[in-house]
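Across the two complexes that follow, chain A remains constant while its partner is chain B and subsequently chain C.
Our next item is the complex of A and B:
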């Protein structure tokens, strides 16, 4: 009897921590999302207002803009990161001293704080003394004096660049793990049959990497949906509202406007989007496995 | 009855300086209590902390300072307001006061009992310490705007310091034709409403305002459109540095400090940075200042910025905290910091110090210029929706500056509509 209960007893500390740090805040914010709570008026939540906060979101142009900005950011960031990670993993999967060294160097961007990355890139693209702005201007004279972060399109491009730079190494290592699990025999057989490198990559390696790539894509999508740090330190959501992501907009609503009810509703909209994407990806993944084992 | 005089006052009188008006409460009733202070990171407040031992000795109260950088200060205050209990005295910027009303406790009777002369504070600063008719804070740090300029570049270009915005454009073009420096460094980017601070002067100068008597937005009036067109036109006329569309205040200051711009309208406290050899390439001889330019035919204006110190509602030692506020806002403490040859602190919020001959002699008349500006400055009435209003307005200016929007009237109309729709 004691042995049967022991695992549950051992789980209790972890369960309490998860309950206190994840489940309780989530439940509290869900309830808050149906209440009117202006922090400037009261430190306690006000009365229930039904779905008013959610309905307000649907009609507010600033929210709809942040949804669009987030969509653009997520799509470009995920596609670029996954493509670069796969390409780098294919280059680095061989063994040798240079490859080991490169792998070590590669992890450095991921080890950096996202906020610090934003500050660094803001300096590097400063048109007066930024090393990247000056360097690009020296190599390509047409780019001399380009106000990189002052243009809405370029600012979004640089925001995507910082995120891709930050996440590609981690995704590359995930990809390397996936590549290591592919049996070498099929690739060697194809080479003996005279298949080209491109044919081997697209015909043999990538189809077997599909599962790993899907996991990479779902993880990267979730992280991209939460993009906040670099927006704060790199662009401040500007110029205008061109880089105002949903996470940054929620922060403004909650901690600058003090509209906690509305901010909670927006946070749950973001959570719902992430849950929908996660479930969709997992279902796709499971159906792939079923097909593979059928 | 107050009999005890602080050790600082004694020391000051020994040196023939102004005697401290503040006196510790008789009997040291708060001895042994600790006052925790949450202050924004600032060398001025660090100078106060360096002198706090005298207060502690006179009152028996321990004072512990915690500093938070400006970009994180609002979040720190919000946490204190919601969670409460950690700090007894907090520094709050004027724009945040109303939205943080749950944080601050009334201090009127305690301050009155200490004999603090509220009439010594300029009205534009003092108004931010009042909320619903009650005193909830006292100004400790306050700013007016001045136009700093490169004296050597203006001289080389054959122009005098501009007194109007039109003269400033003319001077900027003349400077650019004779040097590599941009004419003027201005902030157009988004950060806590920084791009509104110069724009507001143009708005007032053109006869406009943010809101009408009924509280509705009127910044999209003809005057507002003209002011905004003028502000954005400086980018199109290329008299500001490249990339100014995303410049926040510090970027503009850096541009001036690095010798890349010739003029800089900014808060006066920046003065100490501009010739600091560790931060700037400029020498004191190269940097001059004058009052902020006026719009042709209009009175001079200045946007003001004020930091008040108040006592928190959750404080368990409110009386000790109020006693500390009395010491902190003593004009003699401020004067001592202003005249300390080891420091480079220019900030003052007492008219007695702003007009003090010795202070003005040390700082080249800057304080008298500030006093003149403050004499007519009214300050802005910030409501509890101000953070949101500021974000909408600064976004409109940023959009126009970056070219994301090109129609000034449409952008201001949209901002007015968004502000009117705030729930």
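Our next item is the complex of A and C:
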């Protein structure tokens, strides 16, 4: 009798830790999202206000702006990263000393902290002393003195650039793993059958990579939805609110304006978006798998 | 249809010599089998013919045309891979159709050819399935169909049956043989299974460490192996190989006395096939010892005797029975042939008719 219960007793510490560190904060923030809580006025949450926080979000232009900024950022960054990673993986999949060397140095950008990446790019694009700004100006005179981070479109472009630069190596490695699992014979059979290199890539290799590419896109989308670090260190959400992503906006609402109820509601909106996308991807993956093995 | 000639071809991977310099002519319409143990360079040789592997030196000629620098698709070959190499994202129909599509053949003609080919290999009912929905044998048929649909002048097959179970292998072997008879296309076939080689081949090239050690008809290779390696490799159960020496015109080993036509020498190996030996009570028989094992195979019993280091096996009658460890004698059947080899070099020392 005692022995049968023992495993459950042993599980209790782990259970308490998980409860305390994840379930409790999640539940707490969920409840907070239905309350009025201005941290400057009270250290305790105020009264329940129903869905007022959510309703406010739907009509607030700053929130809608951050939603739009996030969408633009996610779409461009995911598409660019995945395409670049696939292309690089195709170039690097052969083995040889050069390939191995390139693979090794390729991992470096991923080893850098995102906040640091933001700071470095901020310096590099400084119109007065930034090495990239100066270099581009030297090569293309038309680009001399362009205030890179002061232009809404360019600032977004550079934000995307930093993210693509950061994530492409990791995605390339994922892609290389996928490539390695494709039987070499399918490619050779196609070569004998008379397919050109391009046809082999698009007609034989990429179709067999659909599963891996989908997983890459899922991961990249979820990470891009949470984009925060480089916004803080590179653009500060500016110029204006042109690079104010959802995560950055939520941070401001919560920790600059101390509107905890509203920030919680926004955080749950972001969570809902991510959950929705994840579920959709998983369903795609499952049907993909069914297609591949059924 | 075409003749293929390999002229002084050689293949090195870095400093590793996979296929040493040698020549080989594959006659028009023949079924040539490259046979040898794993890692002996069979696949490498075939891939050089296909154009999937560069040749280090030498020439490959198809119909007297040098094709060293031609890409695989311009060599008029089709290849069947060991693990099929099917396109997993395409249906059976699309798989078979793909080579035709790439060659710009019109849709109507394609559909007709695919159907004909699929019927030929009994895939007609499975055209809309994907490879993952097929059994091993069916996948192998798709690979075959994809190879024959284009009516190339040379087939290259790299161990096409080795992923199938034993029973299916025998069935598919017969189908391959029939197909070759029907189409008459020059075929190069790689295998490590001597049974496959013997049953399928017009000629067999036995390879060892990249080198072709014997190139001949299956009959000739069975009856007159060029060296110790071929003697031991061909035949199942394999040839009895007994170490001994020759003195006064007799080959001698423990319990073995066989008159031979050789001068005195040490380090001689005597070979005789189990199916050419029979069991006898005659204590003066050339081979004698104690019964070591009896193995019933169904149609016959394999009888193994031992005498010191000597071990010999005979294919006896299925009803044969005796006590293990009892004395046992083996004598050659009429017309049987002893083979003699040099132990050190493995070279044939000349056979003697008994």
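Basically, the second predicted complex is superposed on the first by the 276 of 294 C-alpha atoms of A that agree within 3 Å, B and C clash if a C-alpha of one lies under 4 Å from a C-alpha of the other, contacts with A are read in each partner's own complex, and residues count from 1 in each chain.
One rule holds for everything that comes next: a contact is a pair of C-beta atoms (placed from the backbone, for glycine too) under 8 Å apart; a residue touches a chain by one contact, two chains touch by 3 or more.
Computed from a predicted model, the values in this text were never measured in an experiment.
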Quick one: chain B and chain C on chain A, clash or fit?
-> fit
Identify the partner contact of A:193: answer first if only chain B is touched, second if only chain C is, both if each is, neither if none is.
-> second
In the superposed arrangement, does A:185 touch chain B (first), chain C (second), both or neither?
-> second
With the two complexes superposed on chain A, say which partner A:129 touches: chain B (first), chain C (second), both, or neither.
-> first
Could you read off the angle at the CA centre of chain A, spanning the centres of chain B and chain C, to the nearest 10°?
-> 150
Examine A:208 and indicate which partner it touches, taking first as chain B and second as chain C; both and neither are also allowed.
-> second
Considering only touches as defined above, state whether A:91 meets chain B (first), chain C (second), both or neither.
-> neither
Regarding the shared-chain residue A:275, is it in contact with chain B (first), chain C (second), both, or neither?
-> neither
Based on the superposed arrangement, let me know which partner A:18 touches: chain B (first), chain C (second), both, or neither?
-> neither
Touching partner for A:150 - first (chain B), second (chain C), both, neither | first
When both complexes are superposed, which of chain B and chain C contacts more residues belonging to chain A?
-> B
Distance floor for C-alpha atoms, chain B against chain C, superposed on A, in Å, equals 49
Dual-contact residues of chain A (chain B, chain C) none
Chain A partner contacts - residues on chain C that touch it in the complex | 50-52, 71-73, 77-79, 81-89, 98-99, 102-103, 130, 132-133, 146, 150
In the complex, the residues of chain A that touch chain C are 183, 185-186, 188-195, 199, 204, 207-208, 210, 291-294
Residues of chain A touching chain B in their complex?
-> 39-43, 56, 61-62, 126-129, 145-152, 155, 235-242, 252, 255-259
In the complex, chain B touches chain A at residues 74-75, 78, 81-82, 84, 98-102, 189-191, 241-246, 248, 251, 254-255, 258, 260, 384-385, 387-388, 391, 395, 398-399, 401-405, 418, 423
